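Read the structure below first, then the notes.
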Amino acid sequence: MSIATVFEVALAAVVLGLAIWTIAVPETYSATVGFVAYGLLVALIWVRLDAVDVALTEAAIGGGLGGVVLLGAAARLRDAEATAAERPDRFTRLIAAILSASIAAALGLAILILPDHAPTLAPVVAANAGATGMANPVTNVLMAFRGMDTMLEKVVLLLTVVGVWSLASDRAWGGRPGPHHEADPHGVLAFLARLLPPAGIVVGIYMLWTGADHPGGAFQGGAVLASMWLLAIMAGLADTPPVSSRWLRFILVAGPGLFLVVGLGGLCFGAAFLAYPVAFAKPLILGIEVAMVLTIAATLALLLAGAPERNA
Amino acid sequence: MSSVSVFGLCAAAAVGLGLYGLITNPQPLRKIVAFNLLGSGVFLLFGIVGRRGAAAGVGNDPVPQALVITGIVVAFSATALAIALLLRLFHAAGSTTLSSRAPTSPRSDPSGG
Amino acid sequence: MNFARDIMTIACVSTGAFFFLAGTVGLLRFPDTLTRLHALTKADNLGLGFVVLGLLPQAGGLRDGLKLMSIWMFALLAGATVSQLIARTVRRSGAG
Amino acid sequence: MTEFLTAAVGLILALLALGLVSILRGPGDTDRMMAAQLIGTAGIAVLLLLGTVTGVPAAVDVALILALLATFASIAFVKKGLSRLESDGVGSAEDK
Amino acid sequence: MFRAASFLCLWLVLAGANPGDIPAAAVAIAAATWTSLHLLEPSSSRRSLVAIARLALLFLYHSVVAGIDVAGRALNPRLPLHPGFVAYPSRLSRGVRQNVFTTLTSLLPGTVPAGEENGHIVYHCLDVTQPVLDDLAAEEAALVRALYND
Amino acid sequence: MLSPALETSAGGFLLVLSIVVPVAGVLLAFALGDRYVRLVAFTVVPVGSTIAAAVLLVLPQNDGHLAYLLGAWPPPLGVALRADGSSAVMLATTAIVICVVAVFAASDFRPASGNRRAPFAFWILLLAIWAALNTIFVGGDLFTLYVALELLTFAAVPLVSLEGRAETLQAALRYLLFALLGSILYLMGTALFYGLYGTLDIVLLSHRASAEPGALIAAALMTTGLLAKTALFPLHLWLPPAHAGAPAAASAILSGLVVKGSFFILLRLWFNVRPGMSGFAAAQFLAALGAGAIVVGSIVALRQERLKLLVAYSTLAQIGYLFLMFPLAFNASGQLESGQALAGGLLQTVSHATAKAAMFLAVGSIYAGFGHDRVTGIRGAARALPLSVMTFALAGFALMGVQPGGAALAKELLLQETARTGQWWWAGVLQVGGMFTAAYVVLVLAHALSPPDQPVALVAKPPRSSGLAALALALCSLLLGLLPWEPYLPITYAAESKLFGVEALVKLLVTVFGGAALAILLSPWPHPLAFSAAGKTIMHLIAPLRRTCIGLGSLVETGDGVLRQWSTASISLLLVALLLAALMFVAN
């Protein structure tokens, strides 16, 4: 075994250990902490697999924001743990373990016996990069070759917002999402929330901009911006806007909306729906991405904030 | 063992663990955590597939990468929606159990609809 | 020249690893949360600093080096503020 | 050089794992608040080294994101911990 | 202006100097500066660059010493710890100034600020037998010279 | 069946529009805010329906298939949209049901009323479901189908909990979690397919895929995931509470359309991706689960006190019905063939979509009128709410296979196939299924038609437009058998010829009387029949038999309760996956 393999085995072991902790630990709060750690470390695996775009997304959304959502719920649901139903009996657990292990084994087998010739689209993607003028192949796939998936996935995000908002009580409809955070304006938290967000904004926009040619893109940038906004909200320096705010709604549909408009433009004047004219491909895609980064940042932050709870 | 096999087995194990947790953990929140674990295992599977498909100049097939990014965002949305439902359920019912059979028992509350 | 750079990298990264080791030992040995907090924030931040220092010679240019430094600064700022927050919480909750 | 750096990555990773064991073991939630902080420093170190070893310059960007998001997660840890302590009747300086 | 320049520096460090980047850089810097001014009002006191540089060096030096200090204690078989709390009466006004001070001193060897009580900053120390209060006073003086020399 | 051509066909842009128009509606409604959502929805619905009609018109002129390359990128790099006859039929069905539900809900979800939250969510989610379903029907790529499937789930779940009561929230959460489990299994299979063949395009996969172990595992995982989303017995834990708890208009969409989305993807997977891969044994297994669904779903439905739950359990049984066609679709060489059996299955799908939606709407009106929906408490409904009871009756007739309904035609087609392939046992299941359907329809009608003890005082009078819309939908379902299907589905059977024969009448009578007998024997509630003297004597005579049957029924209900526990259901899910994989391995 080479030293690199030793490292890989160690990384896999740490990640799996955290996964086991997350599943096995009796207390929910500890499990969510374990999951955040897991998510952040899985990003290392993605770097090792040479998929930096995914590593960025996993670190930002999978581990970071996703973990924080879970953590917030765990903190709010502490009292519910006692009333929750008891664990299934030992027999059920045994059967579940056997079956899960069989599925995992089947999957492992399927991976190990994948054919040697390894079909790939990587050369085709590289060969067609010229059509968009961007050097990052992942951005090309997301925005051009599989643009439909990306657009629909933005609609999924929007629907999630609708779904979360629809859980508000009728009284709070139109109000501000999430609990009100009040913190000492002279405290350390407020201090950090004054210093970090501007730098975070630069980093977020950099992430978006560099996504054209290097790993990065709208999701990653949006996630950074969202976390900075939330930081300011948690420190009591900002508040979530009321859900009836027209500006907010406009920003939430800007990304998919622009995507749709550009796509329809392609349908009317160009080759096909979502086909970009070669000369304008890069500016068009960047324009969509700028709109999307705003949409994503607002959506992610609002999803973390939750349903409307307070009157505006 | 190549990195593909190591991480491939890791992905399969994460899937197994996630499934087990999803079945046996009684609290819904733990099920959601387990679902996220399961999801990340499946995403790693895509990563393995993409790594095998690495071509000259590209370390990992970009198509599976793009699929995973989409998948991560969808999984995050699912988590957010499930958590919101769970919190609202806790608020409305005072508990978060999923095992109640009240809605389908023959003599349930007639006011329900 | 190349050799000197490698020597410096090896020395600095080793030092960094040493501080990580010390931090982890501290985490394992120290008796309570607040003392463990010291171990975590101080030793690990220094360890990261040395790793960054060790990687500077391997970095492509001045910009990459500065980028590494700025990451360290972010980590330092985070460590300094978060440790205060945790310390406050611990003191208030009486667990320290 | 590559072997040395890989070994360093492995060492720091192992230390990170040990640290996580110690933190997650508890005993209190306040210990667990440090987890994201630990990953924020050790994880960044691993990432930076890994980026140099495997020749993936963009790993630095991942480290940057990790630094920001780990800080954010740490704050969330503390904040959620605080709100819980409050509900237990223990006031805190940070939350009014 | 000072802030805009520092964000420009951050952008240049992250993305490099590339003429094609100018629009993005401009947007980033404008947004960051606006946010920064919104979140934190500019202070009026004079700053001395030399003193800031000295402060930075002091800061680096302290963090190195702090790391070595903790490492030494952790690896020492006898585990020489005398943990406890110390209250330090700071002359700095509450708010950003005091926060800067606590943030800096959290990197001093053996101290972590753990909140405040009766106008004093409470520090948790690894070793209360060390001259913690004197070190803190020296640090405060350096900080005042650098940033808050009204 | 799907177009093999890798280029855009003449009317292909219609496929894009069928997705884009509802999506644009979602975005516009969200941006404009509470006051305009309904207006936007009422603008989008006619436009979308026109597009569906246009697809129906254009398709036959293009040899029965349409294709569109998004961004002009050919697969495997790009994503193609494709439509065949079945897509066109499903597009049209969806458009019709959505139209009717929109008319029905127009008064319920008025944005002007005090509560603005529910209308806002309802209309946006309605449009989103439409977009998701259309994407599923025309999507040509397994991952695009995954995104569409998630879109569907994310739109359907909030509909369940629209009223915000604790039990509906719980139902929504169960639904979401189980659906997520299903979609992640689907995604696993997708990853394996890409790893094996380097494409996710359905047509390209159909050329490349072969029955190798990895592909079989992938197919088993994907099938199971889709079964969980379709709520095939025993993976149905989420369906009854979710479909019974939602508002009537939402239930109609959920029961009529949403479960058909995952079912349609399953059809694509089995019939298009690799017809030879999914073996005969696995198909028998699916059909066996379907038979189980018919028996358990119907028996438990008969035992429900609440009408909405009864209808929800009937959905469960009807979903089982859809799976009976799988073993009948094999040709002589052991390959799945897109022939008459598939046509029958699709017809069954269309018929159930329209009839069940109408049924839920009718039940919703009854619920609104009476203020409750207890089966035993709706006596006199026929006089008080004639329109709703008539709708329920017509939809019920359509479901149980009365000529010239779609279900009747589908049943005839499937019976022919059982004869062709010599699988007589499925013919028996088909007949019994019709009888069970008749049982609960007769049960409800018997209660609704019997005179009340005291004059019925309605809590609220449902608007006439709603009632008429539902009635139109039920009628539509009952007349499906008369439509010309040839351009879209390979149906050579002439329904008109047997419309009024003696044979049809006998069949009808057998079904109805069988159903009535089953209803008397299995329903634990006091029968309206028992109030007449003759009825009392009969009831007295069969009392011991009835006690036994009710005992059996309660046993089935207990078993259903066990199966609907989370751990049991998810264990069954894994078992189904492993069994499917094993059966596929055996076959190959």
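Read from first to last, the chains carry the letters A, B, C, D, E and F; within each, the first residue is number 1.
Quick note on the criterion: contacts are C-beta pairs under 8 Å (C-beta built on N, C-alpha and C of every residue); 3 or more make two chains touch, one makes a residue touch a chain.
The structure presented is a predicted model; accordingly, all values stated were derived computationally and were not measured.
Of all chains in the assembly, those touching subunit B and also subunit E are A. Each step here moves to a touching chain, and the least such steps from subunit B to subunit C number 2. Greatest centre-to-centre distance from subunit F is found for E, with centres as Cα means. Interface comparison, A-E versus C-E: the higher number of contacting C-beta pairs is recorded for C-E.
One simple way to say how far apart two chains are is to compare their mean CA positions; for subunit A and subunit B this gives 13 Å. One finds 28 Å separating the Cα centroids of subunit A and subunit C.
Rounded to a whole number, the gap between the C-alpha centres of subunit B and subunit F is 26 angstrom. The geometric centre of subunit C is 59 Å away from that of subunit F, both derived from CA atoms. Multi-chain contact residues, meaning those touching two or more other chains, occur in subunit A at positions 4, 48, 50, 65, 72, 74, 88, 92, 96, 99-100, 103, 107, 111, 114, 118-121, 125, 145-146, 149, 153, 156, 159-160, 163, 167, 187-189, 191-192, 195-196, 199, 203, 210. In subunit F, 143, 147, 150, 154, 157-158, 161, 164, 169, 188, 192, 195, 198, 567, 570-571, 574 are the positions where the chain touches two or more neighbouring chains simultaneously.
Residue numbers of subunit E whose C-beta contacts span two or more other chains: 10, 14, 102-103, 113, 115. Taken in their complex, subunit F has these residues touching subunit B: 143, 147, 150, 154, 157-158, 161, 164-167, 169-174, 176-177, 180-181, 184, 187-188, 190-192, 194-195, 198, 240-241, 244-245, 303-306, 308-309, 367, 372-374, 377, 524, 561, 564-567, 570-571, 574. Residue ranges on subunit D touching subunit A, taken from their complex, read 3, 6-7, 9-10, 13-14, 16-17, 20, 24, 26, 29, 32-33, 35-36, 39, 43, 46-47, 50-51, 54, 56, 58-59, 61-62, 64-66, 68-73, 75-77, 79-81, 83-84, 93-96. Across the interface of their complex, subunit E is touched by residues 18-19, 22-23, 25-26, 29-32, 34-35, 37-39, 41-43, 45-47, 49, 63, 66-67, 70, 76-77, 79-81, 83-84, 87-88, 90-92, 96 of subunit C. Those residues of subunit E lying in contact with subunit A across their complex are 3, 7, 10-11, 14-15, 21, 24, 27-29, 31-33, 35-36, 39-40, 94-96, 98-100, 102-103, 113.
Against subunit C, the residues of subunit D that register as touching in their complex are 1, 4-5, 8, 11-12, 15-16, 18-19, 22-23, 28, 30-31, 33-34, 37-38, 40-42, 44-45, 48-49, 52, 57, 60, 63-64, 67-68, 70-71, 74-75, 78, 81-82, 85, 90-94.
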